[in-house]
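Look for subunit A in each of the two complexes below; its partner is subunit B in the first and subunit C in the second.
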Partner chain A sequence: MPSFRNRFHDEILAYSFLWPSLLILVALLIYPLGEVIRLSFYDSNLQRETWVGLGNYAALMDDPLFWQAFGQTVVFTAASVALHLVIGLGLALLLNMQLNETFRSLARGLLIVPWLLAPTVAGMIWVLMLAPFGVFNGLLARLGFIDINFATSWLGDPATALGSVTAMNVWRAFPFFMVMLLAGLQAIPKHLYEAADIDGASGLQKFWHITLPQLRGVITTIVLLDSIWTFRAFDPVFVMTGGGPAHSSEVLATVIYFDGFQKLRFGYASAEAMVMFIVLFVVSAIYVRRTMSKEH
Partner chain B sequence: MLMPATEPAVVSPYYLGLRNRERLMRLLAYGLLILAIVIVFFPLAWMGTVSVRPNLEVTKMPPDWVPEVFTLEPYAKIFSSPRYLVVFANTMIISLVVTALSLVLGATAAYALARFRFAGQRAVLMFLITTQMFPLVLLCIPYFRIFITFGLYDTRTALVIVYLTFTLPFCILMLRSYFLNIPRDIEEAAMVDGCSRLGAIFRTLVPMSYPAFIGAGLYTFLLAWNEFLFAVVLIESWGNRVLTMAIYSLMAEFVTEWNMMMAFSVLASLPLVVAFIFLQKYMVQGMTAGALTS
Partner chain C sequence: MNNRRGSVWLTAVATTLAASLAMSTSSVAQQREVRWNQWKGTEVGEKFMSELKAAFEKDHPDITLVSVDAPFTGFHDRAIVQHQANKLADVLMVQVDWVAEFADLGMIEPLDDLIAKEPPEFFGNIPSAFHQKWRGKQYYLPVESGSVALFYNTDLFAAAGLSDPPKTWDEFAEMARKLTDPEKRQFAVTATLQSEPPTNMTYDIYPLILQAGGTLIDAETNKAAFNSPEGVAAIEWYVERVNKDKISVPGVLSNGEKEKRANFASGNIAMMFEGPWGIAIQRQLNPNLNYKIAPLPEGKTTGTMVRGSLNTLTAQAKDKEAAWTFLKWLSGPRGMAIWSKGTGALPARTDVMNEEWFKEKTEFAAFVSQMERPTAQSPFLVMPNAVQMNKIMTTEVQNVVQGKKSAKEALDDAAAEWNKIFAATK
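On to the complex of A and B.
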């Protein structure tokens, strides 16, 4: 008869290796999550707390700024992810052609560089480039699109602020898609294309019927991941526009930050954070299900 | 290959022939890639040229492509001021400590997940994957209060601790997937030869998975080096600031010294770019692993 020690030998050993990490992560993630849930039912400036029940959530429903930020977050996310995908796929396809090996790895290396930069640093460069005196206006003036004396402040105009932040975000983060899709392209078996060549398929046909279906798994994964990352992004907006002008580039992360750390309405900010958490949780659940089903 | 019996007699003048067409396509690919590199590098080049011109020249309209006056003064200012140098030191120390802790803790947890079957394994994996999706701004609210309570607000220790929330799960998942590909027989053979379990791990598994350690380590370092939100919320005094925050606060000053800010940005990006040049292979591995492991 196996003794208790033998039966649970693996369990004991496994958890003796696991517990430090698990302890840290539970303390740093689960406990704070519980704290935010609790706070969302209070009116709190972190010193005085009054129970308000669902008051924060009720107020949230009627808060036009919150829903405006929500909508803008969705637009920002959708535009960023779509452009990441188009640009990343285009460049990956180019890099996957029969090129000189040195040129290929050099080009790939150079194109990854923006992704190494901190969003803060990348944001600052773009703030400078998009300023009224910036090089972007200078370029447009030189090409004759605008009059130099009426230069636009791209980040100061409500019509262009969010678009400008999106442009920066596309520039900084497309390499992730490019690298992932290039790896995906290189994993497609060559014989599929050879068979299509024998059947006389055109380049476009091969792309639609072989390349895209073969890349579907990678594309779904990176689109889900990028959606989650962009949806929760704080740095680009905070650094470039601070959510302005007139909240035209406000996203959920900045709204929550300002409500909490500037207006000191921590209960309300917690309720907002819970809405954001639930949205992210749903998307994450899809992602987790996908990865876990690959697991066994 | 057999030629079809009915060869077209007249070849269209637009028909370039397969070989020429392929050559043209390839030329087009080179051209487009070079164009892409130029466009992508433009903001980086701009950062570089602004960092070596006097600040007065930065706001000139229309801007000069090449600085009229070349000066290294912004760099000299940064390197001669302890106020700025401390920021570099802070960022370096924090990033290195976070990386070391994540790798050590991550490797231990990854070993458990890769080598044992135990109750709760799936739940632990699912938890680790989900943690990477947490909205970080949500965590700021409780962290702010908790760190004040424990007297850790405005300390570098606080940043090291909170950075583990996103670096540790990544390291665990990446190392685990690498460990899974290393046959356990090798460790068992070492154990038969008289090694303890820990001895076997350090003599076989760890040296064999060095690419994963380098990849995960570099990516962790990058995440810690570039983090901004927690630094804004948890650090107040200049002496404890990190680079991203310091660069941001330069903008908020009375007169924005763009040349200084760009010099700062160049210096902040340089370590990552240099590391990338030498360790590209591992870094790309870390990058792709972020999405493909788990």
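On to the complex of A and C.
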């Protein structure tokens, strides 16, 4: 049994290996977070700071634009995550069927391409595709759904702007779900399906009673992660619509950015960021708890 | 013996090294550096920027010019971040809209003390519109200038049986209807009301308010003045062209400057509201496009927006004297002539405008003639946060186009928001 001194020495050694990463964590995460918390109690334009206590938070409660953006962020996140799951699961199930292995690898490789693109690049591609005389309207016109001469401006119409950004976000990130779920599907023991076959279970029953419960762990994890990523998404909205027209596609991240860098209300923007942080913290806490309970 | 020879060699090498180090240190100490943060490199090309650097360094061999190029999109916000990080360059190029904001943030310094040391005729050849003061202090020197004029595609005009550009609002409306043919994907204009960046008011809306006989800001009360009957008439006229006559490329609420320029370059759009900087951009996009430039049509009166790119001295400049040398060189007769010849920009100096090479450039005539009028205004320096104020106006005009508000309601709401900003920055 190692002596107390040896154990103490080992612990010191272990912590000494940790300090570089701890230092980076403090510099890049803890310090900025502390600064945002501090600023949220001030009226600050970078030049001067005035203590306002909870004034920024009180003002936030009466800010219709903030709550509009909050609601739109929830819609954007919920729609994106739900569609990622449905499309990702559908494609994963297709790829998990009895397929030629080369075809499966090729399809998986091609389908993952959107995930490889930076959100900004994907956004720019979609801006071009969704332009009034772009590919998307061209296709709809050829299929006879619209008259190209009176084509919709998908990003210029408040009724379709947020939906269009959501569509791009769904397209860009469904491959992550597909790959994770495919891996999950391939890990389900075959004998469960064989037993179900012997019992005469239908395809739907097997999906409902075997596949879904077996994928529950993967689904919960990726849904939580995707919710965090999407809720704080900035680039797709900023690149595609800038939050417009008339704030119809504004999300929390863009509101915070504009309040900070255009209105120069850094204290107020920090308070908004804190609200966003609390929401994300709750979701992250669920995720961390799940991960830790699995490890134990 | 060998040892002694070796030590002699060693001493010689050490002495030579020390001497050369001392020489290089002293030459480094003498050579000064100016870092210039600007967005023009990507627009005019690295070749010209190298020529400009060579010309400046030839005139000032003791100063090295380091050009820090960054794209225009996000330039304003990046500058604020760089200031916070204490990484701002010595000389910062800005848009006129940013001057008041950056001055209030302490990012840029007044130049008055430096100007006081210059000869009294320092501003003699720079029109007063290009050396306006903010809070009684001079914060910038102009690099290039310009006003918004009407670019029109001569081929499309000829095909529609039109020979001259519109001179009045009525003529504009009538010609625009003739020039619009959705079946051929041909439109009179690209109306631009994009939310971000909110730069389109300068082209689409503010000139119309002036032409209607209105003003943007009341100089005496320092309050918004555009929510007048004239302002309302301007917005209603604009919205009627967009919604009723449908003279614009669809997507008015998402079209920005980029789309406007690309559409005009495609040859299918008959007209475009644009500044002289657009000439170089069109040359790059479509050198074969046949177009001419005319003054903006008149409503009750004439009116256009005057803008320009400016250079400022940052508060974080390390060698302020060297930075000032570069600032005044580029805004001086030699620097500005090189700049204008190389970039195709309209000079902000009358002596450069009077040079023979410039007089031969007939495409600039419309801009120059407009800038001589009293209705050519540059209100941006009295707008304490012009970027935000432009965005407020953009959103409100968007509301009118969508039918959510009347022109009067929208302008009243925009005026209320502008007045809050004025009140907060008194």
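In the analysis below, the second predicted complex is superposed on the first by the 291 of 296 C-alpha atoms of A that agree within 3 Å, B and C clash if a C-alpha of one lies under 4 Å from a C-alpha of the other, contacts with A are read in each partner's own complex, and residues count from 1 in each chain.
We take it that a contact is a pair of C-beta atoms (placed from the backbone, for glycine too) under 8 Å apart; a residue touches a chain by one contact, two chains touch by 3 or more.
Since we're looking at a predicted model, the values are computed, not measured.
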item	value
Which superposed partner A:Ala118 touches (first subunit B, second subunit C, both, neither)	first
Partner chain(s) touched by A:Phe207 [first = subunit B, second = subunit C, both, neither]	neither
Partner chain(s) touched by A:Phe133 [first = subunit B, second = subunit C, both, neither]	both
Subunit B versus subunit C as contact partner of A:Trp51, first or second or both or neither	neither
Touched partner set for A:Gly242, first subunit B, second subunit C, both or neither	second
Partner chain(s) touched by A:Gln262 [first = subunit B, second = subunit C, both, neither]	second
Which partner, subunit B or subunit C, touches more subunit A residues	B
Which superposed partner A:Ala151 touches (first subunit B, second subunit C, both, neither)	both
Subunit C-contacting residues of subunit A that also contact subunit B	46, 132-133, 151, 238, 261
Subunit C to subunit A touching residues, read off their complex	76-77, 80-81, 83-84, 101, 104-106, 182-183, 185, 193-197, 249-255, 259, 385, 387-388, 391, 394-395, 398-399, 402, 404
Partner subunit C, residues of subunit A touching it in the complex	45-47, 131-133, 149-153, 155-158, 161, 238, 241-247, 258, 261-264
Subunit A-facing residues of subunit B, complex	25-26, 29-30, 32-34, 36-37, 40-41, 43-44, 46-47, 50, 58-63, 105-106, 108-109, 111-113, 115-119, 121-122, 124-131, 133-146, 161-162, 164-165, 168-169, 172, 222, 225-229, 232-233, 243-245, 247-248, 251, 258, 261-262, 265, 268-269, 272-273, 276-277, 280, 284, 287-288, 290-292, 294
Complex contacts: residues of subunit A adjacent to subunit B	10-11, 13-18, 20-22, 24-25, 28-29, 31-33, 35-36, 39, 46, 91, 94-95, 97-99, 103, 105, 107, 109-122, 124-129, 132-135, 137-138, 141-142, 148, 151, 171, 176, 179-180, 183, 221-222, 225, 228, 232, 234-235, 238-239, 252-253, 256-257, 260-261, 266, 269-270, 273-274, 276-277, 280-281, 283-284, 287-288, 291-292, 295
